[in-house]
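Below are two complexes that have chain A in common, paired first with chain B and then with chain C.
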Partner chain A sequence: MSEIAKETYQTVGEPLLKDPKMHVRNTNVFYGEKQAIFDVNLDIGKNQVISMIGPSGCGKSTFLRCLNRMNDTIDICRVTGQLMLDDLDIYNKKIDVVELRARVGMVFQKPNPFPKSIYENVAYGARIHGLTDNKVELDELVEKSLRRCGLWKEVKERLDEPATGLSGGQQQRLCIARAIAVNPEVILMDEPCSALDPIATATVEELIHELSENFTICIVTHSMQQAARVSQRTAYFHLGKLIEVNDTSAVFTNPKHKLTEEYITGRIG
Partner chain B sequence: MNNKIRVGGHISRQFDEELDEIRSRVLKMGSLVERQLDKVQNALRDGESSAIVDVDTLDDEINDLEMQVDEECTQILARRNPAAGDLRLIIATTKSVRDLERIGDEAERVANMIRHAMDQDASKKAFKGLLPLTEHVKELLHETLNTYARMKTRAAVKVMRKDQDIDEEYSRVVMRLIDFMKKDPDNISDGLDVMWAARSLERIGDHCVNICENVIYLVEGQDVRHSDLDEVKEQLAE
Partner chain C sequence: MSLSTLLIVVLAGAILAYMLGRTQSYQIAKPVGGVRNLAALPNYYASLMGLWALLPALLLIALWSIFDGAIIDSLVRATLPDEAKQLSDEDFGLVMSQVNNAAIGIGGGALDEAYQPAIEKLKSLNNTSVQAMPVLAIIVLVIGGLLGFRAVRAENNARYAVERIFNGTLIVCSTIAIFTTFGIVFSVLFESIQFFRKVPIDEFLFGTHWSPQIAIRADQAGASGSFGVIPLIVGTLLISFIALLIAVPVGLMSAVYLSEYASNRVRGIVKPALEILAGVPTVVYGFFAALTVAPAIRNVGDGVRDWGAENGYEFLASLNVSSESALAAGIVMGVMIIPFVSSISDDVINAVPQSLRDGSYGLGATQSETITKVIFPAALPGIVGGILLAASRAIGETMIVVMAAGLAANLTVNPLEAVTTVTVQIVTLLVGDQEFDSAKTLAAFALGLFLFIITLALNVIALRVVKKYQEQYD
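The block that comes next holds the complex of A and B.
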């Protein structure tokens, strides 16, 4: 742990839970010499939606990307501390990262469908993870995933058409369908609605709500109203530190930390 | 200003101005309500109904301000999506203006009864007995408005405590009025009028308590309605 990380600060609220799906302890993230995350302790509850909010550069996306080792793709990035998915140590060098990412899926800011058909986009994950190669089973999986994302009716007649022909909102729901097709336990969403219009945003938010019955969802968002609408818990980051975590209703009506209050009331940004 | 709640300091200065505007309107409403009670007090003290002629006009102004503040709060809710202290300020304000408007109604009711009574000597005398209660209620209202303006929770608790004294004073007034009516059945009509007026004054105290509860919610985020006063004090001490 760096010297800076030893600065005393205490996360306000209730960062820890009983029987969490993921737990993160004493986690620090460095980009080369620069420390981006400072000694974060946080539990992520099973089948809950947790929002990460905070000003640009506060480390919320960096933190999110630690949860399925997406930061491994950045050479100079180093993560210390303990990050667990149930009993699995995420940063154990022996684990298969591809398998980890099947259990902890990700949806990005900009919809990024593969340059393939709608059908192939959803079936792709199941194929590479070896879930099934059977056409009938794949058909079922594609239909089920698209139905869960409320996209089936819209695309069932054009499954062979390129996914890039869909609207932005449909593309993002397709990406979510692709993510859930491999039956992950956790879905990470990095500003999933920032490129969408309000109607598409509302559809994705409704989808998040429905998916939370079966999946654990962590969402990074710049929209505080979105955090307030979709999540049960909210975590506020500031300059790499986890300042406050609490039930979303408490954070938005009576935050305990001055920095949280200032951020959500538009006094710092 | 209490350091737990800050009205200004938003990145959007326009938002600061909107919130300031709302608060100043609430305080203006408060000053109009105080003027109504001033007039009631003067009429009771001097035994003259001329002091209360324009209480109705003041009530119209108060009603207009209530609607303006409500509209501005609605606009802020719709356009600014306020959160935390800002949200609590809006909620506390919409509730407080309703209480202020009702205080205005009660003051108007008392004024109308006094106006009617001043024509008759017997009633005049009976009404004069309400002067101490009126003075205490006016004081309570003044302290309530200060509590809202300065957002002081300790002062809010003090006002709530004082309202209990007003409730006791009201009970004493009622007992006296019962004696007054028992003495002579001809006193019953006047006695009942004074009793209704005393009841209105006592209700003003209750509205002041509501406003103070709103201030505590605004500053601390705690809903202390329907709580015992000692419990409230303990909660705030924590």
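The block that comes next holds the complex of A and C.
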């Protein structure tokens, strides 16, 4: 794909929106000397689900992790360009990363419940951010978060048991409950279903759909069907470049770029 | 031929057999159409033949070395004059060693003519043994080699045979440690039983006075011979507690710093430096404790007392710091076991999956919140294991306590006084002249058994804790 590497690339489709929740301009990401993301411009709409697809190593996870500065934990990673959450400049040195991550939550590829009880997992964020003033409020918050993830009925009898005893799908929903308990504005999901079986995947997808009423969701996925099912917009990444962005239906039925078409028809990736 | 020469010869023979086996396997490979049609690779045939030659010969040498003394003894015994056979066990042993000495030409003439046949017999038997062993060993080597040679056949899968021998060797090696442990436990146990015949077990376990000197004369003063283990246990626990009080926070925090905060460069310097601390001989720690720390503590204590006397603080004026104190020994021992705590904690903290850290950061936790609320609980079983290991080390430590805490068996929890520990008492009981039928000497074994049970219990608890709280991260 050397012709792409040379091209100064202009994203096809409609990367920009009116009144977006987050906007990203001229963003580059470097790992040491190596550039992983090239000049990405993208808006993320409010209370929408946007999915990022593309072959392995195309930079979609790296891009996602820029949005709440999770890349800060990697020493050699460097991000340039402008990334805004409403009016907040995400990469401004003065902003509080802790506050940013409270507003932009994250769910990971593999369920990663803390080695604590189910209750304590959900209460974790609320405790560190002081979201509740007493035990009653905390109980309510935990119950509400678990209910929204459809987990309450399954775990209400055993809130004190270790979260690691849950099934994979339950663990992932617990991680989502843990993220929404902090009441973030945006939730980033990095292949949230890749470690789950089809039934658990369906449950999580349904959950994503419901959550999109109140949250802005960015989801990285390897499954094009999943992207088609859960998202309103789809962004296609290739070798660190954002090739095409459009409404999901438009991307899948009428891809404008040759590479997008090749990927969704299964010829690359 | 001396034993070492014989071993070299046997080894050379085995190597020769190996090479022969190799050559032969290539020979047999030709008619069947190459190495690929053999049941095993030439190396396996060669190893098999080498092992066939080596192992039986080594076994013979080992058995011979172990048993020839006993066999020769019993043969010689038959030729001794009747009067010697009626002697008591101890005297008989004396006579036997005199016969031995005479046979190798030391101090002859102490025995009369009646013993001459025995001496002659011993000489000739020794002679035969020395000459026969190498010959027999080499014969066994050759026979073994030939048997191995017969096994070099195209359809014989030598891989399995070599595998089984390898397997057997591993089993033997692993059982050596187990049997050694059993041996130690039983030897300590039997001597302890001897001790408990002389001193009732409840007096040992619950007595509050330790004074193992036993009066030789009836009118001897201050030598009652009482064996109450409580002062020793309290001393041991006091010093270990002080040591852990130092080592656990310092070790744990340095582990957290090293694994979570330190840059690679700092880590590269600090971690090896900490491990050097573990390499300092305990006797060096001991004189550091005795010559630097203990006097320093005493000076500070005296200063505080004088100040208290001048300013009218009664409770300070009566402060009395011993020049050998539990505090000094405990502090230095704490420094000594820091590397145990920090090294193991560092490993287990590093083993906590990155995904847990990410999850916590992703919820907006700071680094210290992540460490105290997520990483610590996850790493806790390993950390507890490390601490208990350090505790066993502290309880078993002797040298520092001998030098810095003194020998006086005071029953006290005041860290400024001299105390003594179980291990120190074992040392003092077994140093110098002693007879093995006195309770004083046997007490050392009872103390050893006691200590063994304590550390064993600690280890079992450690394992249980680790198992109970172990988290499964898949």
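Going forward, the second predicted complex is superposed on the first by the 261 of 269 C-alpha atoms of A that agree within 3 Å, B and C clash if a C-alpha of one lies under 4 Å from a C-alpha of the other, contacts with A are read in each partner's own complex, and residues count from 1 in each chain.
Here, a residue touches a chain if its C-beta (ideal position, glycine included) is under 8 Å from a C-beta of that chain, and two chains touch if they have at least 3 such contacts.
If you're wondering where the values come from, they're calculated on a predicted model, not measured in any experiment.
Partners chain B and chain C, brought together by superposition on chain A, fit side by side with no clash.
In the superposed pair of complexes, A:178 makes contact with chain C only, with no contact to chain B. Of the two partner chains placed by superposition, A:243 touches none, neither chain B nor chain C.
Contacts of A:219 after superposition: neither chain B nor chain C is touched. In the superposed pair of complexes, A:101 makes contact with chain C only, with no contact to chain B. After overlaying the two complexes on the shared chain, residue contacts for A:70 are found with chain C alone; chain B is out of touch.
Of the two partner chains placed by the overlay, only chain C lies in contact with A:110; chain B stays clear of it. One of chain B and chain C touches more residues of chain A, and that partner is C. Between the C-alpha centres of chain B and chain C, as viewed from that of chain A, the superposed structures give an angle of 130°, to the nearest 10. Of all C-alpha pairs linking chain B and chain C after the chain A fit, the shortest spans 32 Å. When both complexes are aligned on chain A by C-alpha atoms, no chain A residue touches chain B in the first and chain C in the second.
Touching chain B in their complex are the following residues of chain A: 224-225, 228, 252-255, 260-262, 264-269.
Those residues of chain A that touch chain C in the complex are listed here as 68, 70, 73, 98-102, 105-108, 110, 112-116, 124-125, 128-129, 162, 164, 175, 178-179, 182. For chain C in complex with chain A, the touching residues are 353, 355-366, 369, 373-374, 377-378, 471-473. By the touch criterion stated above, chain B contacts chain A in their complex at residues 6, 9-12, 15, 81-88, 221.
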